[in-house]
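Both complexes shown next keep subunit A, but they swap its partner, so subunit B is in the first and subunit C is in the second.
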Partner chain A sequence: MLWVDKYRPKTLDQVIVHQETAENLKKLVTEQDCPHLLFYGPSGSGKKTLIMALLRQIFGTSAEKVKVENRTWKIDAGSRTIDLELTTLSSTNHVELSPSDAGFQDRYIVQEIIKEMAKNRPIDTKGKKGYKVLVLNEVDKLSREAQHSLRRTMEKYSASCRLILCCNSSSKVTEAIRSRCLNVRINAPKEEQIVKVLEFIGKKEGLQLPPGFAARVADKSNRSLRRAILSFETCRVQQYPFSSNQAIPPMDWEEYVSEICSDIMREQSPKRLFQVRGKLYELLINCIPPEIILKKLLSELLKKLDEELKHEVCHWAAYYEHRMRMGQKAIFHLEAFVAKFMSIYKAFLIATFG
Partner chain B sequence: MRKIRDTNLMILSSDDEDDCDYKPNSHRSYTKKPKSRSFITRTNPRQPKKPRVSGSRSRFSRDSPNLFEVGFPEEDFEELFSWSKVSADSGRSNVKELWVDKHKPHSLEELAVHKKKVEEVKSWFEERLKTTKGNLINNVVVINGKAGVGKSTTIQVIASHFGARLCEWNTPTPTIWQEHVHNTNTGIQYTSKLDEFVNFIEKIRKYGLIPSSSSEDAKPSIILLIDDLPMTNGRVAFERLQSCLLHLVRSTQLPTAILVSDYDEADSADHTARRLEQLQLSLENAGACKVSFNPITNNSIKKTLSRICRQEQCSVTDEQLDLIAKGSGGDIRHAITSLQLFCVKPDLVLNGSYSTPSYSYGKEDDIDALVSGISLLFGRDETLSLFHALGKFLHNKRETEVANAITPGDAFLVQENFSRLPLKMDAPEKVLCQAHGQARPVTDFLHENVLDFISDEAMDDAWHVSSYFSDSDLLLSSFRGMLARYNEAENVLQSAAASVAVRGVLFGNSHPSPPRWHAIRKPKLWQVEKSMLHNQKEIVRQRFIAYNGSSSCNVSDVATGYMPLLKWLEHRASGFEDNQALVYCNKTDGESCDRMGLDDKESDISDDEIEEW
Partner chain C sequence: MAPLLQSSQPWVEKYRPKQIKDVAHQDEVVRVLTNTLETANCPHMLFYGPPGTGKTTTALAIAHQLYGPELYKSRVLELNASDDRGINVVRTKIKDFAAVAVGSGQRQGVYPCPPYKIIILDEADSMTEDAQNALRRTMETYSKVTRFFFICNYISRIIEPLASRCAKFRFKPLPEEIMSNRILHICNEEGLTLETEALSTLSSVSQGDLRRAITYLQGAARLFGSSISSKDLISVSGAIPREVTEAIYAACKNGDFDLANKEVNDVIAEGYPVSQMLAQLFEVVVEVDDISDEQKARICKSLATADKCLVDGADEYLQLLDVVSNTMRSLCNMPQEFSYDI
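After this line comes the complex of A and B, so read on.
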């Protein structure tokens, strides 16, 4: 088992990083009812961990007994029926799914599942009607229509189910949904906190940590706890006992992006653009999300860039990031950004060095 | 009574069929621009041709006693027989006969097909008919060519020239639904047309032909003609047809001609056309001799037309004949039918153009105007292959200097860096339309290839072009899924997107690289998307590894977080000291992507052609 999973806190009491939030959540559910919740925050900050712990807090250990189910929903959409297949994780009391897997038909998923859950509400021991919890992942990737229909179903069935939504950025969730949920922002953990977690794991594993080593891992992790633990484990496999100046292996795709970056800096021509395109394709094939590629690419470029260009380059990155979201094929926009950068940079070089 | 209804149905459906004959092959008609003239002469083959007439399908009739019908299973036969009578009757009672049938050539000299081709086919048959059977291994000739270039007629005329009996497979009329219902009610089993065909071929192959009237003494030699292969839908059916024909090629004793109609490049986006090609190739490999008929030249069409005019005693001016011939795009059947239509009602057709006072033959523009008027009635739609269109866009040929003709009213005043020289082509939208270009594939193709055509220095151009692609992608994706129902709106968006992409390429590429050889590649994007989907599915399956299966993980987290680590760990574990961190396994690489609408072979076309356009 990976350390990330092995040392994942199971209950709200065990959490190290977001203790305050955990306390609040605990208070919230001891009242035996909870509002709809919206967890948001950067990846690797512990949203899912908190959600799992929360579920356990509400339902006890039964929340941990889950089964993976591949289900097909038949949906009657006016003139035709649509078959939708989706993988869900469910226990007796909760269902978890990522509706955005269904692509643009996500709105049907949202409606159907909530309706179905509402139909068979569990009855708790006291004969009181209980509620089920529906965990929806990646809500920010839901289409606008799906979010609207989510809003309506949320109101209609609020008596029988609670929603826990989870996403990276709340700005892509409509106002209407946000206002119906209790928003819980999960910050990216501070580096000291990460160090604390790493030291905790080190102690449990019985490892000798050289001073400053955990701090370096945390520093490289970009404040993502998952990332930190994963690379910590990598280091362990790579070399133990640790040496204080041990290199922390970077992610392969990140290396690749910086390779692209230096390609771009070295030469600006349509031919080079074409080569860059090929490399971007490589990344896309491996399912690295285009937004992340663009972000990483920008930060790599900024490192090597002259002050005066930074503003303009950032502007264009933002511009094309927006278009990427609106558009369909990311490569067009990624490439347009690279082309724009090349064109700016080339003009700059010519102006500077003649 | 029932029978009559039946036969009516048959006639209807067969009429449809004849109509269809013209449709799928629409090639070049006539455009209005002066350039199109050279364009047409270029596409038309150089050889002069002889008259010819349509290859008729179910027209086994009094005209050609040599024709002889086999291959219809019993139940069809009756129907067909009665139908032929009815059609003959109605033909007589209704209107005059179609000229296409009436003026069928009866001798080799009358054929409009190029002499060399006729000679080639003739000598091929001669060889087979004269020598004793069994000497020659290959007894099959495959003739291909566009519709209306005289394939069937050539065979018929040659057969009658040798006094051979022509034994023809005509694809049975398709069963329409009412008919099928009727048949099942009366207890007749439905056999698929492919089954019928296969049975027929098997019979022929094994037993040869048993003459229907065995009392005949002097057995004439027999030529088997397979006109029009049955429709195959799906791979299985096609493979069956293919293997059946291969057997025929390998083992038949009769001289056999198989006719295959080519469809236009641009229309061949569907699989049928490609399959037909594949079929021809495999037949050829099996030893069949292949002869391609080119479209018939204007001169031979004109000759034929004027012969018909003489016989029909109608006066048509030379110029009009010329127009008809040009408008037909090498399809003589079409030309003759047009002529008939024209002679029925001459006023209807050319009135408009004649009444224009400025009309004169001296000026090219006027002719063009006339042509555009006529082409509505006569011409076939002009199509371009997608490749020609792409070539045009990518090469971005422009006039070398601004034509003076631009009147001040026309021209917007634009800054110098935004102004471009006039294009050496029709409006891009029109070219797109002729190429049947759909927005998505066109954009993808342009995106894949355009960078090759931008000169190395012009980075700004590259940006312009790619920013236009980005725009076009936005247009294409807006309301994806949402507007699927409102096709109108979707269409407008699509055409707008295509237009943006194409014009973006034309505008942006202001410093095209010097013209040289470029192969046009198939968009790699398609393959990338496919592998991406594949990998995504894999990841979705693996997402439960995290959290001990008690929760799922975002795809992006798995891809950016877990996968690299796992890969890395695996490498360490198996002792790989490969520091090339990127060892991407691209599993779907090998899989062919040729199902993606536009196919591989197109990337092989390329070179000269593109250069030329």
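After this line comes the complex of A and C, so read on.
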């Protein structure tokens, strides 16, 4: 098992990083009925871990026995029926799914599933009615219509069904939904906290950590705990015992992006642009999301540029990322950004060196 | 199996005024409607004003006071934006309901029970123009047996022919002391203690919207227990602490791009919503005295562009960075035009 999963806290008591939030959540579900919740924060900060721990707190160990299902829904949408396939992760008391996988038909998923959950309401041994929990991932990627129908269903079925929503950026969730949930912000762990977790894992695994090593791993991780633990494990596989100046391997795709970056800094020509296109395609084929590529490319460029160019380049990055979101094909906009950068940089070189 | 506890009602519903006279701060409306209760005579009404000022509450209260619990179901039709309200609904459901005649006005006990029905159209500004047009004739034809109550935030989205058929009432945002009164009343009932600064924080984060204030209060009470500090309220409301916005502004003023970039990265890592950040940055920029109007205008323009992009779903980090870079260029009097853009 990967360390990331092995040392994932199972209960709210074991949480190391967001102790205060965990305490509050525990109080919340033990004292009274649980409201709808909205967790938001950057990736790798522990939203999912907290949600799973919270479910365990509510339902006991039965929440851990999950099965993966691939289900098809037949949905009657007025004049025609739609078949939708979706993967769900469910236990007796909760169902977890990412409705945004259904693309533009996400609205039907939201309506159908919640309705179905509300219909078969669990009844406990004493004959009292309980409630089910529905965990929805990536709510920020839901379409506007889906979000609007969500707010209606949230009210209508609130007696038998609680929603836990999980997303990266709460700006993309409509105000109407945010105001119906208890918002919980999960911040990315601080570097000291990551160091603490790494030391904890090191102790459990019986590893000798040279001083400052954990801090370096944390520094490279961009405040993402998941990433820190993964690269920590990679280091362990590469070389053990650790030496204090051991290199921490960067991700493959990041290295590739910095290669692109130095390529376009060195030469600005149509020929080079053509080569870069090949490399960008390579990244896209390997399922690196285009906005991540663009952001990484920008941060690599910003390291090397003069102060006056930084403003210009970051403006164009924002501009093309926006267009990418509005458009269909990511490659056009990535390439347009590269071409724009080349043009700006060439003009700058000519103006400076003649 | 989860233990089922007393399902707690949202306080917004629990403390919704049940009678017209309890509606706070909207004297004009209250006076007219109290009169209605006595004479049982009522025009079509149009309530407009910012959210959380009591529009829906007033409409529901008058309906309840006119008909009482027994007749309410058969005499009042309530539709809001979450119900389907396309032109078909107007043509069928609303028209059918409006057409039904009602018995003569027999006063039942304390309730006047006037001889007409009420249709409440909540959030009427989200109705399409076609649907509104379809209502025009319906309103007049059945005016003998039906009264319409329109509720909306923006009166400009209601078409003129509808607006001119109604008596218009503007609901004012609640001033701080009236809001504080309500909040303290709820705190008393629920056994909460507010720390000294919490009350003013609550009114500043909710900006005259009583519903929002009560929702925040309940959220904080659930999460943090019965003693609530202003920090708790800020964390529940999703507002960004003032230090963070000021740090960003200071970094812009400083003129060092890398420093600003670091601040932006921190904001993203802390998980603050960028749309909220833009709103608060806007407040900071508007309030500051030591920059020229032109600089302010430039910054506001870049804020507006970024906000639109965010609505379209653009990346938060890049947009905030763009705003920060624009702000920095305005504050430090760097050239606005890009010099190498051909």
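One rule holds in what follows: the second predicted complex is superposed on the first by the 351 of 354 C-alpha atoms of A that agree within 3 Å, B and C clash if a C-alpha of one lies under 4 Å from a C-alpha of the other, contacts with A are read in each partner's own complex, and residues count from 1 in each chain.
Heads up, the rule we're going with is that a contact is a pair of C-beta atoms (placed from the backbone, for glycine too) under 8 Å apart; a residue touches a chain by one contact, two chains touch by 3 or more.
What you are looking at is a predicted structure, and each value in this text was computed from that prediction instead of being measured.
In this overlay on subunit A, subunit B fits alongside subunit C without clashing.
In the superposed pair of complexes, A:332 makes contact with subunit B only, with no contact to subunit C. Of the two partner chains placed by superposition, A:16 touches none, neither subunit B nor subunit C. Looking at the shared chain after the overlay, A:315 reaches subunit C, while subunit B stays out of its contact range. In the superposition on chain A, A:178 makes contact with subunit C only, while subunit B stays out of contact range. In the superposition on chain A, A:248 makes contact with neither subunit B nor subunit C. Once the two complexes are overlaid on the shared chain, A:138 sits against subunit B while remaining clear of subunit C.
Once chain A of one complex is fitted onto chain A of the other, the partner contacts of A:343 extend to both subunit B and subunit C.
In the overlay built on the shared chain, the residue A:64 is in contact with subunit B alone; subunit C does not reach it. Closest CA pair between subunit B and subunit C after superposition: 6 Å apart.
Put simply, subunit A uses residues 326, 343, 347 to touch subunit B in one complex and subunit C in the other. On the side of subunit A, the complex with subunit C involves touching residues 24, 27-28, 31-33, 35, 40-42, 45, 58-59, 93, 122, 124-125, 128-131, 148, 151-152, 155, 159, 169-172, 178-179, 182-183, 185-188, 222-223, 291, 294-295, 298, 302, 307-312, 314-315, 317-319, 321-322, 325-326, 343-345, 347-348, 351. Subunit A contributes residues 1-2, 4-5, 8, 43-44, 48, 51-52, 64, 66, 68, 87, 89, 96-98, 101, 103-105, 135, 137-138, 143, 145, 224, 226-227, 230-231, 233-234, 237-238, 249-253, 255-256, 268-271, 273-274, 277-278, 281-282, 284-289, 292, 320, 323, 326-329, 331-333, 335-336, 339-340, 342-343, 346-347 to its touches with subunit B in the complex. Put simply, subunit B touches subunit A in their complex at residues 447, 451-452, 454-463, 465-467, 469-470, 472-474, 476-478, 480-482, 524-525, 528, 531-532, 535-536, 539-540, 544, 546-557, 559-565, 567-569, 572, 581-582, 584, 586. Note for the complex: subunit C touches subunit A at residues 1-8, 82, 212, 215, 219, 222-225, 235-236, 238, 257-258, 261, 268-276, 306, 309-310, 312-319, 321-322, 325-326, 328-329, 334, 338-342.
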